[in-house]
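Once you scroll down, you'll see the structures, which are given as structure tokens.
What follows is chain A paired twice: with chain B in the first complex and chain C in the second.
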Partner chain A sequence: MAKTYHKPTFIERIRANYFSTWLDTTLTLGFGALVLWVLLGLFDWAFLNAVWSEAEREQCGHGSGGACWAVIDARWRLIFFGLYPFEEQWRSAIACIAMVVTGALSCVPWFWSARRLPVLWLVGFAIFYVLMRGGLFGLTPVSEQNWGGLSLTLFIFASVTLIGMPMAIVFALLRRSHLPMIAGTMGVIIDTIRSLPLLSIMFTFAIVLPFVLPGWAVGDKLYRVIVGYALFFACYQAEIIRGGMQALPAGQEEAAQALGMGYWHRIGYIVLPQAFRNALPPTINQLVITFKETSLVVIIGFFEVLASGNAAYGTAEWNFAHIEVYCFVALIYFTFVFALSRYGAYLERRLAVAAR
Partner chain B sequence: MKYLLSATAALGMMAGAAAAEGRLDTVLERGKLLCTGHNGSFLGFAEVDDEGNWKGLDIDLCRGLAASLFGSSEGTMDIVPISWAQRWPALQSGDVDVIIKLAGWSQSRDAELNLAYTQPYFVAGFHVMAHADLGVEKVADLDGGSICVSAGTTTERFLAAYIENLGIEAEIIVFESGDEVRTAYFNRRCDGLTLLAPPLAAARATSENPEDHVILPDVIALEPSGIIVPEGDPKWLDVMNWMLTSLWFAELHGITSENVDEFRDNPPSDQIGKFLGVTPGYGDRLGLSNDWAYNLIKEVGNYAEIYDRNIGEPYALPRALNNLYTNGGLFYPLMVD
Partner chain C sequence: MTTQTPAIRISDMDKYFGTFHVLRKINLEVARGERIVICGPSGSGKSTLIRCINRLEEYEGGSINVLGTELDDNIDNIDAIRRETGMVFQHFNLFPHMTILDNCTLAPMLVRKQSRAEAEEVAMQYLTRVKIPEQADKYPGQLSGGQQQRVAIARALCMKPEIMLFDEPTSALDPEMISEVLDVMVGLANDGMTMICVTHEMGFARQVADRVIFMSDGEIVEQAPPTEFFETPKHARTQAFLGQILGH
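After this line comes the complex of A and B, so read on.
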């Protein structure tokens, strides 16, 4: 008699997976209750007992046991825009949106060409810079030290990635060079920078460099920090790309050579595209880390979103509400990082189609 | 980090030696004062209001300084956001003209970092706050209990020494950040909490029930904080010292931002007339306009007004040592003549 496959129903699967033995049942119920208890408590705190508007501030914290979202209601502009002049904050908001839209558009495959992508980012950056810095089209100038909040975080992240990524490719290629002088020097540079903490690199670029550089080359502190951070990013990313390149069979490049393809063709059409595909998961990882570590610029006095959050609860009125502010900032970070990770997962699926 | 800081400061000295022109002339020429803010918020001294404007005791001194130099702080002052670690190099490199950032006067800073301090404008004590239901009245009563403190600060060392001197057994529990140590105390992880008086008062004032906590009178250590300028610039230092004197002199004679006009129209004495610029002299000697003290008081008020506005009212911290000598405090104006 032929065996027939019985497709398990939903309930049968649940029973088999979670309640098959006494031990399983106990564990499921125990942990289920624990998770439920935590979630309910959280829900209670964040929604049911919460105080939502600034007008009801008096009810905050006095035994209600709920979150005081009133602090966000009162101080959200500070968290998003930092020290940016109050009347001009619409500019910071539009600049922020422009940056996000540019980032989102560059995820659309239509833009993935050597011509469209740079144009897109040039336009995006130009809009951002003109709006934020002012001085053109009758906008009042706002100096970089008053930039802040989410706009600053996004600007630093986008600039670091855009400067750092091409640098990383160059570093990776130099490190693979057949000339031992070049490969060796590049290796020493990468290893040196990687062995320094990011914090001290930022500190050096922001504070020590002005003593060393000639006056015309100093520039604003913000741009020095971005260059320093981009260098740091490039060194890590270069090793990730090199890893991706080494995973390629040597035969591919040799075959291309045998066909008479030049260096740039080999790199541009054969090595790099495949290397990037291999290196995609660690690259997304690196981008996520870079996004989160932008908060380190607080050490040189920038009001990025975390420092703005600190300022938001740092008054006599709101000092008790630091947990709510941190939750809100965490939510902002989560939104961006989660979107980035999901996009990474989408890319992996898309590229996997090509590999099959 | 520490090595980096001292290396930076050493570089700064070389750069400072090259700039022969005094900071006062540089600032007056530029038409703008670059003063220190904070990277976030330092309760009572540098905070940011709903509209992103700075306020606080240190910020008011910056505003007062700008008003003294230029007549008004409107458009003549930039508050540069600066972290604790960054303040010395920022002064040396010229990112800021002066440090008004509640910086304690220690020998190493004074001697090694090439800084010059004014007379202290704020003397903060490290105190211990305890839960009221424990019934403690002084630190010695915490024998056998525990005290929370934040790591990496001078507080930890001072507290350990103080407890040792008292000869009591108290457990010191160390936490990383200010938020953590406060939360730990309010969740009763420890019986006492040690902080600098202003943040301690802030923690008490913003807690659910301020009456549940008592700030013990013991002073674990004192931190006198002055305004800081680079060493070797006496004219610039003079301006700072005489600004502080003017704030205390005004308080001593009851001159406030409200009634300063009446005082100027009808000076009760020649001394006050000269102080407010009715007769010349008080400004000329410093290289400022003669009515600079009037502008200063008009803009920010006397010391009492500044204190009450930023510390006294919001955080209910008594002035104590920060009173004038006539009220049992440490402060006194120099001789105005």
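After this line comes the complex of A and C, so read on.
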């Protein structure tokens, strides 16, 4: 007797997967109830019993059992803009949006060309810098020391990746040079920097470097930290890219050589595009880590978004509301990191079309 | 470069992998338009020999001259020779991240500085010739092995090379796909292309080769026109080899 294939309905699948035995049913119901209980409790706390506006601050913590979102209502500008002068915070807001838009645009395949992408980022950074720094078009100058909040986090992240990524490519190429001296030296540099904690690198670049560098090369502390962080990023990313290169069959470069293509053509058209495709998951991983570790700049006195959050509840008036503030900051991080992950997943699907 | 110079002249060439002597005092002259088949047991150095001709492998002693250009350490000479020498690999080595058409147009555009329109026209011409113009917009991974190898041949031809090197082009193919690739190669041979093929397809050797070369242990043991080579092999090692591959 031949069996005919019968496509299971939704109900049938649920029954088969979760309720097929008494044990399954018990576990499903038990854990289902637990999850429901936690979610309902969370929902109660975050929405039903929450206090939403600053005006109702008095109700916070008086047995309402809900979240005190009033702290966000009162302090959101500090979280988003840090120590940036209050009247000028609209500039920081637009700068922030400019950075997000630039980042979003560079995810669009149309911009993926050697000419368009650099132009896009030059324009993006120029808008950001002019708005934040001021001093032009009648904008009051604001020194880098007073930048803060989300704009600062985004600025550090974007700068680090944009300086770090080309550096990583160069490092990876040097690392697999046929000349043992060059490959060896690069290996030692990468291994050394990777073995140092990021904090100590930031500290060195911020505090120690000015003693060594000539005056004209010192620049603001912020830019030194960014360069140090970019170097750190590049060393990790270089190894990721090198891994992607090693996954390429030797035949790929040989085929390009046999066609008479020179080194840079082989690297630019054959090796790197495929290496990046192979290295996409760890690259996204590295970007996520880099985004979150921007919070370390607080150690050398910058108020990025997490440090600004700390400041937001750090007054006598709001000192009980740290959970709410952290939830809010977590939501900000989540928004960016989740977008990044989803974009990574989109890229993988898109590139899978050309995969074997 | 006159037409009198041979396509390839290899004199007393030595090649080592570390301390292992892979090719020993190789002497070989290939005339323009000549079709040569190289066979021999695995490890005999036949692939290494043709990979030396376009400098995918360096050689340590003797000299190689391709189309009148000396193959030395001069990068310009190497590039010049590679431009004129097409190569087809055992594992096709198509660029998986590019469409079939882009695979064929990339090198002509970058190396020969052709315009995209020009390169695409030539590419379609050769893709038609290997009988897969309709696959131009697909990716290599979407094609069968036989189709991929035909694309690889078209890709090499798009550079308009003087010499074609084939490194076991049918060894990685399923049996039913071998003939479609050999057909293309026969067509190419009939057009007068200078060809050096490392292959075990003895039928192909009989049909098109001007000369069959048998290599063993890094040496050219015997070379002769196909009839003579297959009917009256002189050397004991050749006889043993032919007995093994034709005997079953």
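Methods note: the second predicted complex is superposed on the first by the 354 of 356 C-alpha atoms of A that agree within 3 Å, B and C clash if a C-alpha of one lies under 4 Å from a C-alpha of the other, contacts with A are read in each partner's own complex, and residues count from 1 in each chain.
Quick note on the criterion: a contact is a pair of C-beta atoms (placed from the backbone, for glycine too) under 8 Å apart; a residue touches a chain by one contact, two chains touch by 3 or more.
Keep in mind that this is a model prediction, so the values were computed, not measured.
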| task | Considering only touches as defined above, state whether A:A307 meets chain B (first), chain C (second), both or neither. | result | first
| request: Tell me which of chain B and chain C touches more residues of chain A. | output: B
| query | Counting only touches as set out at the top, which of chain B and chain C does A:V188 meet: first, second, both, neither? | reply | neither
| said: Tell me the contact category for A:F211 with respect to chain B and chain C: first, second, both or neither. | reply: first
| message | Per the contact definition in the header, classify A:V298: touching chain B only (first), chain C only (second), both, or neither. | response | first
| field | First, second, both or neither for A:L48, with chain B first and chain C second | value | neither
| request: Return first, second, both or neither, reflecting whether A:A316 touches chain B, chain C, both chains, or no partner chain. | output: first
| What residues of chain A sit close enough to touch chain B in their complex? | 61-63, 74-75, 77-78, 81-86, 89, 143, 145, 148, 199-200, 203-204, 206-208, 210-212, 221, 298-303, 307-308, 310-317, 319-320, 322
| request: Report the residues of chain C in contact with chain A in the complex, numbered from low to high. | output: 54-56, 79, 82-83, 85-87, 89, 91, 93-98, 106-107, 110-111, 139-141, 152, 155-156, 159
| query | Tell me, which parts of chain B touch chain A in their complex? | reply | 1, 4, 7-8, 11-12, 14-15, 37, 39-44, 47-53, 78, 80-83, 85-86, 89-90, 93, 95, 179, 202-203, 205-208, 314-315
| query | Along chain A, where are the residues that touch chain C in the complex? | reply | 249, 251-252, 254-262, 265, 269-270, 273-274, 277, 351, 353-356
